[in-house]
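Below, subunit A partners subunit B and then partners subunit C, in two separate complexes.
Presenting the complex of A and B:
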């Protein structure tokens, strides 16, 4: 662990932007989006709140070509779009989401498109010194700390910046851009960790119950009446899944070119809150109601996938809660379901 | 053999046909895979041996009813293009008034020389095989549907609401800022082009196959809309569906 002065921190970032195709949080109208950085002043550092879309769009684009098939010979060729880019200022919640994606996409049947593209994307993270907005629950779900998913990570400490490297690429970046820096002594390290822990204590503490029991509670309260309640108001608009850094559901589409020579198979974002997602032949739908879809989505986040990957699959950014026009959000969901469990509210099926 | 294609217009502004002609770069390739035998807006020949008919516009006279029935008889595939043909668009508003008054308002004492009927979308007169909605249509969606039909597949357009597409674009939400937007109940496929340009979605692509109207009305009430104002917004393009909805038909 090393540290550099604030002045050097800014110089380093400026140089990185100059040398690389760099993207980061930029203010659009009232909100932020990940966009191309021309200079450091484009980047929002201090007043960051989660961007409309997470950086996921660079790893896992809204729409991508997977395979091209020759109409006549039926020969298929894999298509992989990749580009050398740097993402600058990625926050802990989003870094945890990237690290989850890395695991999910290499699990079972590895996804070559994602993994190949991923190799070319450099992630430079920034720590959060304060809660970004009232929708966040990173502190509750444990994603304010980062273990992997980044190359370099900067954390403010006493008006200076502590640097962590998270990969070989990160070490190379460190050698190239930073080099001369102060190595933290053991005492300084302890102090840094202590100070960081103190500042996290001041974050939002809106989730009232201990998170570690969440999956068993969600299991036991599978038929909690709250699902019906929010199912009634849900617009089934899909905004929540589109803005989520950990949602990866997709649909396939084929498009033939105008000369009728090549068919391209495309992958596009889809989501479990939408009608066609669980639609099968004969117009049957496995999850026809908003209630069933919400139950499914949130059990994925806090139960099924949490158990599989041993970490919350909601990284707590709060984007969905902000985007939802009827204010369905993870903080209320956790508080209500866990609250109902602890206060002994009966399931639908027990009534 | 290239399939023979015809375009016909009824009560419309012809904007959707212009959108097709606006496919400048693709047009030459398009006529390599289909033969256009009838397209008043573009060619002077008139062939009657078409297999696929694209219909623009709504039906607003007895004469047009006869004409669309004749087209239906000839066409193997009848595809409506644009809001006028698909949902009835704003001319459908005539259905909400006393028709004698409407006629008098439009034609004055000459009404007896015309044969108007209350404006209807095509599917209220004849069977429609597929709809490409929008006011105007998205030319690339049109192209996609043509290719899907030629390749022998079933055409597909998005079934989800504009909000999903709006978020995919990374747009800031208008409704969140207290500006009216019909995105949550409207069928996507336009790339949320209005919201992207910070204009509200007025629902030109018709209602999505699935939506939660009561909850959506509550959202609009929360930004200050009253029932009457909400209904007026819906009726701009989707009068027919709102009528069906109110009578419990959808």
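Presenting the complex of A and C:
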């Protein structure tokens, strides 16, 4: 662990932006989006709030070509879009989401498009010194800390910046851009961790119950009455899915060009909250109601995938709660269902 | 890295009309194609779309295979409109099929409804080819009407090869001499020692549900009931999320599950 002065921190970022095709959080009207950075002044550092879409859009675009088929010969060729880019100022929630994506996409049948593109993307993270907005729950689900998924990570510490490297690429970046830096002594290190822990104490802390028991509670309270309640108001618009940094479901579509020469198989974002997601031929829908879809989505975040990957699949950014038109959000979901469990509210099957 | 989304070019060699609304397609892929009985494939009509089907032919045939398609949605309707010779794309095979090794030395009961006989025919042909390994092979098959029965001319042949066959229809015509009623009524007519038997079930969701309940009632253990589950399998490789079934993906962990594996899941029957 090393540290550099605030002045040097800004110079390093300036140089990174100059040398690379860099993207980061930029203010657009009243909200923030990930966009191309021309100079450091484009980047929001101090007053960051989660961007409308997470940086997922660079790893896993809304729409991408997978295979091209020659319409005449029917010969199929793979297509992989990739570009050397740097993402600057990625926050811990999104870094955890990237790390989850890396694991999900390399699991079982590795996804060549994602993994190939991923190699060309550099992730430079910034720590959060304060809670970004009222929708966030990173401190509750444990995603305020980062273990992997980044190359370089900057964390403010007494008006200076502590630097962590998270990969070989990160070490190379460190050697290239940072060179002279002060190595933290053991005492400074302890003090940094202590100070960081102290500032996290001032975050939202809106989730009232211990998060570690969530999957067993979600399992036991699968039929909790709260699902019916929010199922009644959910508009099934899919906004929560589209803004989620860990939602990775997709659909495949085939498009033919106007000259009838090429068929392109495309991958597009899809979401389990949408009406026809689980529908099969003959219009049989395996998850016909909003209630069932909500249950499914949140069980994936807090139960099924949590158990599989040993970390919360909701990274607590709060984007879904902000995007939801009827204010369904993970803080209320956790508090209500865990609350019902602890207060002994009976669920459907027990009645 | 293997490209999991790229299809293998195949030709439609023959089309068989099985019933009004159901056709079988004989496909010849450009390369040798191996699958285990019960595994499924993704079939593409280039430029239109892709859908999941389970081969209905014997896995011992490596050069060509068959799928039986009911006209039910967008892609399946297009398949009903095409002619022989058209090139299509095949991905797969995917998922876990029937663990036929575990059926050895036992009575194997096959319970099928409607077009659900398609994957079961592949199983049946697999079993028949090595029938000395199994005690008995019993097929119980139900369809709506006699004309809705698929593989009409093949039952005789299977019977000759030692398969005990019982059939029922919901609505008989004047020439129908076999059982009338839903397929589960056939289960009352057979005698099996359920402790030394396994059963494979495939059919429409409602038939799977009541079929399983009936099988449990006559004494089958949940771990001896093999269900071929239907969900919207889209990518086939456990990525796209469409076929998520509780903590499982039907495409990767199934499509064949024992009832024991899934019985505690919410929303098993829908």
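Note that in this section the second predicted complex is superposed on the first by the 351 of 351 C-alpha atoms of A that agree within 3 Å, B and C clash if a C-alpha of one lies under 4 Å from a C-alpha of the other, contacts with A are read in each partner's own complex, and residues count from 1 in each chain.
What we mean here is this: a residue touches a chain if its C-beta (ideal position, glycine included) is under 8 Å from a C-beta of that chain, and two chains touch if they have at least 3 such contacts.
As the structure is a prediction and not an experimental result, all values here were calculated from the model.
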Fit or clash between subunit C and subunit B when superposed on subunit A: fit
Subunit A as apex of subunit B and subunit C, Cα-centre angle in degrees (nearest 10): 70
Subunit B or subunit C, by number of subunit A residues touched: C
Subunit B versus subunit C as contact partner of A:220, first or second or both or neither: neither
Partner chain in contact with A:256 - subunit B first, subunit C second, else both or neither: both
Touched partner set for A:158, first subunit B, second subunit C, both or neither: neither
Which of subunit B and subunit C A:272 touches, first, second, both or neither: second
Contacts of A:57 with subunit B and subunit C, given as first, second, both or neither: first
Touched partner set for A:280, first subunit B, second subunit C, both or neither: second
First, second, both or neither for A:189, with subunit B first and subunit C second: neither
First, second, both or neither for A:290, with subunit B first and subunit C second: first
Nearest Cα pair across subunit B and subunit C, whole Å: 5
Set intersection of subunit A contacts, subunit C complex versus subunit B complex: 253-254, 256, 263
For the subunit A and subunit C complex, residues of the former touching the latter: 66-67, 69, 71, 74-78, 104-105, 107-113, 115-116, 222-223, 248-254, 256, 263, 265, 267, 270, 272, 277-288, 292, 295-296, 300, 303-304, 307-308
Complex interface listing, subunit A residues touching subunit B: 28-31, 33-34, 51-53, 57, 62, 232-239, 241-243, 253-260, 263, 269, 271, 274-276, 290, 323, 325-326
Residue ranges of subunit B touching subunit A (in the complex, touch as defined): 26, 29-30, 32-33, 143-144, 147-148, 150-151, 153, 156, 159-161, 163-164, 166-168, 170-173, 175-177, 183-185, 198, 209-212, 215-216, 218-219
Complex contact set, residues of subunit C against subunit A: 1-7, 9, 44, 46-51, 70, 72-76, 87, 89, 205, 230-232, 234-235, 237-247, 252, 266-267, 270
